[in-house]
């Protein structure tokens, strides 16, 4: 019989590198009553930046306020940015969709299977097509009217996100460009899936571009949306081999499997607190 | 005991699509004394183009001139471009290199292992570093002097290629841009390896570009060199996942394995007559 | 604009190898009014067996009975086994399930997306858990009572399959061993997914076996069920890398993605008439 | 400009899990003058075992004997097994070969490229075929006479290994079964490559077994040799897809690429101190 101990907390830390950081961090955890189950650490030597993620379980003596006070002293000493996430409070993630269902289904099925530690309180769409899928999974579905203009449209979306106290937004093949105001407001909290292996095939119809270029691989890229279309920090990518006997329609079909896989993996990395951002790129800790 | 019958000839055909082509082709082969062992056929419906590759063995009655005369009649009727390759005459391939050895070694070792049906009569370089490798494999090595200017330099290279009656040129990490005159003269007979998953990361230092962009995959692309740098028809591509904990130096190291694999595979496809070119892209038949 | 011509028929042929077969086959197709769009041919030289699959479209002069009569003459001459499949008549496939949903969802979603050219008229289960999924996709669901004994149980299943005029059965993680009578009756028409890279990890709990053996890859295998458990002819396989930091529960989760992919791919190959069986193994034509 | 700081030491630790271990370890490193660049930690909860690998650089105050004395106190307190490896002293690895060159070349070329932090002081063979390769790379080559019987033969091998002060042995397609005496003496210091995805296809001629079973993937496994043939703890594995049109000879050729990749990767993991062994399996830390 294999006993599974699940961590109670995840701590993430970023700071300028120097000696003694891990010792200070782990000592504080141990004194507070925590037992580390997994620790990943890396120093990005090109920018002298220390990155750490630690999962730990706690005993009955652990008191979160006491730990946070103690840790803040360490943090001040080392100029840390840090976050402590408990495993009970789940992030509230909104899914934005258009007409295509494969990415939406992937997220909902993986969630149903217990693989995504978040809640999906609401689905927002600019088309009515996927309302039935939302209903199947008992999730409120809102179709927002695009015709009223981007500004009013995004105000409506924003209101829904606020009403449902949303932390993070996933664009699951949401075919609508977000305004700079929106992406700035939700900086590093909007995950998009692009159906090309960026930076190749930015913009519209990447599979058409790929087919005409005669590439032998197609791919997909999950990234944070920012104000520059398809240029935000990349979170996850993958590719598959394609044959020249494939039509564009077959590229589109085969690509769906890569898209859903990459988007799921990106959200999982994000929810597992593996994604660090600096200098226009991400850094994924194992 | 498994008996291997090896094909004696490979026939490749391209023509406008219409009914009855395969019947005419295969009937001619059968009447001439050939037995088809593998046949791949595809119709590129977007341009109404028929593509065929057939490997066949022959009996003692087969006479090549008779077959070619008979086949020319079929070819004329269907407006075919066609080529008949026997398996005894091996293409003569020159390898051009600079300082890096991994692609050169891959080609020479795979050749030594019987996996590349060609001859490597000569290695040409713009640096002396790899002369010892050529010597190990008993292949003449010429270092051509770059200092004398591109025009004179390429005249020297051209002379060597002619002296050794070269059919095809492989650029095995040859860090020198070829002139339009040279690539036109050797159109669809120069195979280059680029260390990026084209069309991403064209030009110099693709691994540096990739690292700074924060991509999660790196790759390589083998393509025909043409007068537009890194834009010729693609023959083979592949990618691998990389971790953000990798340095640029590690990208370069890990990339070597993809480069050598993709270049080898591209040359193998070319030698096996699988590569058809039309409209700026290739079409690889299985 | 890219025009897609879809084939109207697929012809499959197996016979002892000799000269002139392809010519005879393709000539008959051309004379009958067919235009071949894709042709795959291979000779399994170890058993001197010729295999062919041809997809062709037809013009208005094509008459199926005339073609079949003409082709039967060719078939007799070459001792062929052959089948002609039109693209309108779709195979009727029953899905058998237990409690796990990922393979079932994969088949239903891919079907909904137009990627599986068959019908799913019925779902049969030995547990009630997946009834709601069947309802979502408007497919009749039957839970058969296992308690009544294998013989009666299988008689019930057989009756359902007959009532729904089923051609082919897919076991989508159906955790019930079929009797030799059943597998013989449905020989080469029952496709099963096993959650191990066979022939490793036959039998129960393959992920547990894999974890304890300390393997670095896990995989899945789709195969025809026959009377020897997990030993029928293999149709499709794949593997993924796993880390030693993974628990058995994570093996199970990660394995689901491989299982659904391999089962979908196996059914697709089967429906596309790519799967030939001989000598205890399959031969998949491209 | 990216500055690379290379670690000076790697510390590995195994012990029963309890609170405070990482704090104690990292505190000792910091006090001793070390700066941790990468730290991987995992707790194998099924056996309550703590595993840690830390790479650190040191300042001018670091004194190895002082550090070792200080660390031994920590080690005693937590019942640790531990090792401290400096990056200057390189393991001395002997390569044992028979007739096939691809694995040998891979190790020598990767070593030449700076990717394997070890020395290859000697190559031992039971056939003369690869002597020329050893000469190319200026490595002493010994052919030991198999005819004299396994016991005398292995005594000769052992003497060579001692003469060259060998730490670790790599069997690079060495087609000779080692005696239990030999494998026990060199326990967890002999790395073998098997050309099958173990535990499938143990024993002789795995590619023949695979072809006749009709599998759709082939693979390779690097493992520690122990007294049970092909059953030692696995270090690295990989597979590739194969087509049914491939002959056994093509399986053998395609398999070579997997074998050399897996053997190289296994040795790299071993030299990077990532490989922990317990309970008949390995545990690879990232």
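First chain written, first letter: the chains are A, B, C and D, and each begins at residue 1.
The working rule: contacts are C-beta pairs under 8 Å (C-beta built on N, C-alpha and C of every residue); 3 or more make two chains touch, one makes a residue touch a chain.
Remember, predicted model here, so these are calculated numbers, not experimental data.
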item	value
Chain of greatest Cα-centre distance to chain A	B
Between B-D and A-B, the pair with more C-beta contacts	A-B
Angle of rotation relating chain A to chain D [CA atoms, steps of 5 degrees]	180
Distance between chain centroids, defined by C-alpha means - chain B, chain D (Å)	36
Distance between the centres, which are taken as Cα means, of chain B and chain A, whole angstrom	41
Per-residue multi-chain contacts in chain A, two or more chains	2, 4, 38, 42, 45-46, 245, 247, 286
Chain A to chain B touching residues, read off their complex	42, 45-46, 197-201, 212-217, 219, 233-239, 241, 243-245, 247, 280-286
Chain C contact footprint on chain A (complex, rising order)	2, 4, 38, 101-102, 105, 109, 112-113, 115, 136, 245, 247-249, 253, 256-257, 261
Chain C residues touching chain B - in the complex, by the definition given at the top	2-5, 17-23, 26-27, 29-30, 33-43, 45-46, 59, 286
